[in-house]
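Below you'll find a set of structures to go through.
Each of the two complexes below includes chain A, the first together with chain B, the second together with chain C.
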Partner chain A sequence: MAHFEIKNLSFSYPAAREKKTLQDINLTIGHGQYVTVCGRSGSGKTTLLRQLKSALAPHGKLTGEILFEGRSLKEVGLREQSGSIGYVMQNPDNQIVTDKVWHELAFGLESLGMDQKTIRLRVAEMASYFGIQGWFHKNVTELSGGQKQLLNLASIMAMQPSVLILDEPTSQLDPIAASDFLNTVRKINRELRTTIIITEHRLEDIFHASDKVVVMENGRIIADDEPRKIGEFLKMGGNHMFTAMPTPVQIFYGVENSLTCPLTVREGGDWLSQLFEGKEVRERQVPEIQEGRSVPEPDEVKDPAVFVKEVWFRYEKDAPDILKGVTMRVPKQSLFAIVGGNGTGKSTTLKTICDICRPYRGKVYIDGKPVQKYKGGELFRGNLAMLPQDPQSLFVKKTVREDLQEMLRGSQKEQAEQIEAIAQTCEITPLLDSHPYDLSGGEQQRAALAKVLLTNPRILLLDEPTKGIDSFFKQQFAQILKRLKTQGVTVIMVSHDVEFCAKYADYVSMFFDGSIVTTNTPNRFFSRNSFYTTAANRMSRHIFENAVTNEDVIELCRKNLKKN
Partner chain B sequence: MTRETDAFSAYHPMINFTFFFGAFVCGMFFMHPVFLVCSVVFAALYYLSIRGRRGWRYLFGMVPLFVFLSIINPLFNTYGAHVLFTYFHGRPYTVEALGYGMTIAAMVVTIFLWFASYNAVMTSDKFMYLFGRFVPSVSLIFTMVLRLIPSYHKKTEQIRGARRGIGMAADTGTTQEKVRQGMTILSAMMSWALEGGIVMADSMKSRGYGCSKKRTNYALYRFAARDKVMLGVMAALLAVIAWCGMRGGAAAAYTPVFFMAGNFHTVIGVTAYALFLAIPAVINFTEDIIWHILRSKI
Partner chain C sequence: MRFDSYHPMINFIYFTAALVGAVCFDHPAFLAVSYVCAFLYSVKLNGKRSLIFNVCLMPLIPVYAGIYSYYNHYGVTNLHVNFIGNQITLEAVAFGLVIGVKIVTVLMILSCVFAVISSDKVIYLFGRISPKLSLFLSILLRSVPRIRARARRIGISRRGIGKGCAQGNVFERIRHVCALFSILITWTLEDFFESAASMKCRGYSLRGRTAFSIYRFDNRDRGFVIAAFSGILLMAAAAALDQTHIYYNPEIIMNRITAVSFVFYAGYAFFLLLPMLLQIVGEASFRHAVHANHR
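Right after this comes the complex of A and B.
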């Protein structure tokens, strides 16, 4: 008997009766399976997952049937559902109800009216299994994003669900916390035989672990198969979702061959070895500097857009130093990426550049002029603007249009023209009259960018711009940045997204322990690292010398195979 | 901070509360000088044992308050047999009234000190644990409020920071601009809070909130054997104090003539009172000593 069986399910929201959000969904999920649901933003993933738990099912017109362990889901009481169907949502913060970690773990059990003894045991079990003992007594506000999401997971697991539904659980987390979280989910699946249904943008970590991958498009399931076959299906169909596949899959289908598709970096490396077995590899390098990218050595940059000189900073007099002699020169019209772990001071560097944090030693020059000399908001008028980590915090009005208007002075007509122009640049014209909170992560990012760009900055500071964005929107975002660069804008970006930096940045700097360790072009930077580098590089380094992006590896493979 | 250093607060919340309740009531009730000295000394001692060196500052702050309250009383109250001096054409300033002023001042200082310790020991979750179980829904709302206030604060800061990064700082410009900025942030906060509220409601529903008729209230505290013993000791001491008080052991009068009781019941009462008030300080000090001994053995 299947765990979940969905038969001919269609659904439409009351506001848009003709447009079906879900259409003829048929899906069977077995006990203990790990099922990944993927698809672009707005393809109906969340709507589908929410149908699987009556307490969360949105209002609307529903036809078809959902069977849970052979019974119609409607007949399974809410009480039983809340125990046996666990649901983890996107936002780690808003899901937490109580003020203490231990209380949050007990919340669900309290709701079901369990007695002290049972709760005590379950809470103890969960805290031990998830390694929460260290912060068991803490206030929830003291936790990091990753810990919060782990707490959400643990407090749901305390109710001992047989199926766990996760809706983009790691979209707000940094890659390391995200990996940790997804590994825990996998552990639950393997050790407790809990059925997992998960949607994710970062397929790298879950694709290979899945028993089954479901691809959705416009409210329909277009593919439902094991992971190895999904790549082939998407490649054949020329589907956009192919760009979301893990690196080894993308490279595999970029090179003509008849071997089996690798899913992990290890398999990818083996596959490359097999591919070149008995063949001579002549071309081991890609040209270090690609076309269209002019890159002088960062230390020799004349007339930098931003020059940070030996900056030291701490938040309070007795607090430890956050920045310890940061020095960097950002050439004009470049995309300058800063990578590095959490809490090393990357975001603080951005704040010192825009004078929100004042260094106690050292100086920041914007276009050769010390940043303090820009008086009375001059700095933010036509010079500098920062896109914060959470784009949502920039929205203060009821529609995107009003939010953009807030930035403008002048007559109605001029304003309308400016908004029209910026909306086109950022590709948000159809979204102008929506509420900013109704947009998806990628759409919010672009709308926030539009708002920031209305100050006409020559220097743009971005704090983790690709967090929680699907691969399609990332490409779109990169195109916008490229366009801005040709218009003379300098972009400084703090990011965890190694793949994105490798592909689009002109320079990459490694930040560690309050200062910049090294700055180089992405190609040199990543090909010299062995851990902090792209999956493509890790997979191909035993054969190629400096292949960093997927395209590099594919190109080298093709060249070498042609010659032989 | 108190969790590591204060051994008394590791006792069951009921014990903590009973102690402070007793200390407050007695502190406000007894006007007998010896009792008062006990109140002040032990309140100060316990406060210091929680706060350590940083406590001295607060303690010294109490001195001017004490002096001020003491000397001000005779200005309003002119009763008393011994006149110190006269002012305003013969208005007397009496020793008895000054003594009474000192008594009132000592009481106020005592209550201040106990309250400072109370705040450190009886955290909100302990209070809610003791009194929340009578109305579970109220106690849940209370924990949610405690959860939301810091998160609203954080979000406000985030919005302010984000706006500063695009040149819309809330702390520059004319007053009118500042007010407008403030209102914008407030309205943004409202939308954000509502949005977050919906997610939280979903999260609660999905974890069975409202499914069961009776919600239980989980707490970490356990009423252990030592709590039982401590409750017994405290009850006994309080009974002795009350008995002595009723027998006139704590009687005292200041105006017009100074009088204070000094009989058998006073001795017993003061002893019991001192023992009672010393409980937390003694617990803390013995704990320190035990650790010291244990450590030197290792």
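Right after this comes the complex of A and C.
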């Protein structure tokens, strides 16, 4: 008997009766399966997942049937569903209800009305299994994002669900915390035989582990197969979702060959070795200067847009230093990326550049003028603007259009023109009349960017702009940044997204322990690293010298195969 | 070893009894006992900080007595006539001193309460009344710091586009502050929906909710209960025998102090010092154990 069986499911929201959010969904999920659901934002993934738990199912018109262990889901009572269907949501913070870790672990069990003794044992079990003992008595505010999400998972697992549904659980986490989390999910699946249904943007960590991948588009399931076949399907169909596939899959289908498709970096490396077995590899390097853009050494930059000179900063008098002598020169009209671990001071650096945090030693120059000399808001009018990590923190009004108007002065007509222009740059014209909170993550990001850009900044600061955004929106975002660069804007970006930086940045700086360790072009930077680098580089470094992006590897493969 | 390792119920009973004693007993001997015990215990718990706090409180007593006697003129023993012609009486001064001591004692006991009773314990105690109430408190304790942190984040975000609370002229600043609150409210409500969904997911609306706690009632707690209740009984006896009460109006009248009275004083002191004594004994036996471990 299947664990979940979905038969001819269609669903539409009351607001838009004609447009079906889900259409003719047929899906069978077996006991203990690991199922990945992927698709672009707005393809109906979340709506589908929410249907699988009655407490979360949105209101609307539903036809078709969902069977849970052979019974109609409607007949399975709230009590049973609470226990046996676990659901983890996106935002780690919003799911935590109580103030203490131990209380959160017990929350679900309290709801089920269990007695002290049982709860005590379950909680102990969970804390031990998930390695939570160390922070069992802590306040939840003291936890990191990764710990919070792990706590959410543990407090759901405490109820011993037979199926675990996860809706983009790692979109708000940094890569290290994300892969830790996904490994734990994998462990649960392997060791406890819990059925997993998961949606994710970062497929690298889960694609190879899945028994089955379901691809959704416009509310329909367009593919439902094992992972190796999905890549082929998407490539043949020229589907946008192909760009979300893990690096090895994308490279594999970029090169003509008849071997089996690799899913992980290790398999990818083996595949490359096999591909060039017995063949001479003549071309080992990609040219460093691409698209005719010459890149000066970062230390030789004349007339930098932003010059940070040995900046030291701490938040309180007796607190430890966050920045310890940060020095950087950002060339004009470049995309300057700062990468590095959590809590190393990357975001604080951005804040010192825009004078929100004032250093106690060292100076920041914007266009050669010390940042403190910009008086009375001059800095934020036509000079500098920062796009915050959470775009919601900028939206005040009921529609995106009104929100953009907040930034403007002048006559109605001028305003309308400016909004039209900026909406086009940021590709949000169709969204202007929606409520900012109704937009998806990527759309919110672009709307916030539009708002920030209305101050006409020459220098744009971005704090983790690709967090929680799907691959399609990332590309769109990169195009916008490129366009801005040609208009004379300098972009400084703090990011965890190694792949994005490798592909689109002009410079990459490694931030560690309060200062910049090295700055270089992405190609040199990533090809010299062996851990902190892109999947394409890790997979190809034993054959090619400086292939950093997927395109680099594909290009080198093609060149070498042609010659032989 | 500290008193906070005991069951919350015991902390609650002890502090309630101590506070009741400090407020209701106006016999000078009992007052002195509560004052000294509260002083000692708060210093034992919080160290130097408490010592400074307690010493700073001391002048409050005569100051209060002064003010009280300035406005209350009952009593038969005149000490002085002030410049408007009102009499300052011994009885009023004495009663003012009594109230001053009471206030200071209560403040010192409260400083002990804050050191011993954590928010967890408060939530547990409310959970005894109703699981829902304790959950509500817990959610409140989670929300307040979150909203504060969120307000800070919004503030920084808005500063990054030149719309911070301290940017622009006065009118713009007012507008920016309003915008910050508006964003804060919308965002908080939005997040609250998700929190509500997460609660529903884990069966919040089901009947028969229980309240889990990490506390256990063990033999040590039972021992304390017996000791504390014998103390409380002794105090009740003292109160019943009118040992704890004296008259200040119109004349200071009190019961005769007999040998039994001293038993009551000692019993009261023993009760108040009990947590501190247990802590000292615990620390001594810990030192002993450490010593033994190193041998």
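Following the convention adopted for this analysis, the second predicted complex is superposed on the first by the 563 of 564 C-alpha atoms of A that agree within 3 Å, B and C clash if a C-alpha of one lies under 4 Å from a C-alpha of the other, contacts with A are read in each partner's own complex, and residues count from 1 in each chain.
Here is the rule we use: contacts are C-beta pairs under 8 Å (C-beta built on N, C-alpha and C of every residue); 3 or more make two chains touch, one makes a residue touch a chain.
What you see is a predicted model; the values in this text were computed from it and never measured.
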Fit or clash - chain C, chain B, common chain A: clash
Which of chain B and chain C A:V185 touches, first, second, both or neither: neither
First (chain B), second (chain C), both or neither touched by A:A106: both
First, second, both or neither for A:V452, with chain B first and chain C second: both
Which of chain B and chain C A:Q392 touches, first, second, both or neither: both
Chain B and chain C contact sites that coincide on chain A, given as residue numbers: 53, 55-56, 78-79, 82-83, 86-87, 89, 91, 93-100, 102-103, 106-116, 119-120, 123, 137, 140-141, 152, 155-156, 159, 354, 356, 377, 379-381, 385-388, 390, 392-396, 406-407, 437, 451-452, 455, 461
Of chain A, residues touching chain C in the complex: 53, 55-56, 78-79, 82-83, 86-87, 89, 91, 93-100, 102-103, 106-116, 119-120, 123, 137, 140-141, 152, 155-156, 159, 351, 354, 356, 377, 379-381, 385-388, 390, 392-396, 406-407, 437, 451-452, 455, 461
Residue ranges of chain C in contact with chain A within the complex: 119-120, 123, 131, 135, 138-139, 141-142, 145-146, 149-150, 153-154, 156-162, 167-168, 179, 182-183, 186-187, 190-191, 194-195, 197-214
Of chain B, residues touching chain A in the complex: 3, 125, 143-144, 146-147, 150-151, 154-155, 158-159, 161-169, 172, 184-185, 187-188, 191-192, 195-196, 199-200, 202-220
Chain B contact footprint on chain A (complex, rising order): 53, 55-56, 77-79, 82-83, 86-87, 89, 91, 93-100, 102-103, 106-116, 119-120, 123, 137, 139-141, 152, 155-156, 159, 354, 356, 376-377, 379-381, 385-388, 390, 392-396, 406-407, 437, 451-452, 455, 461
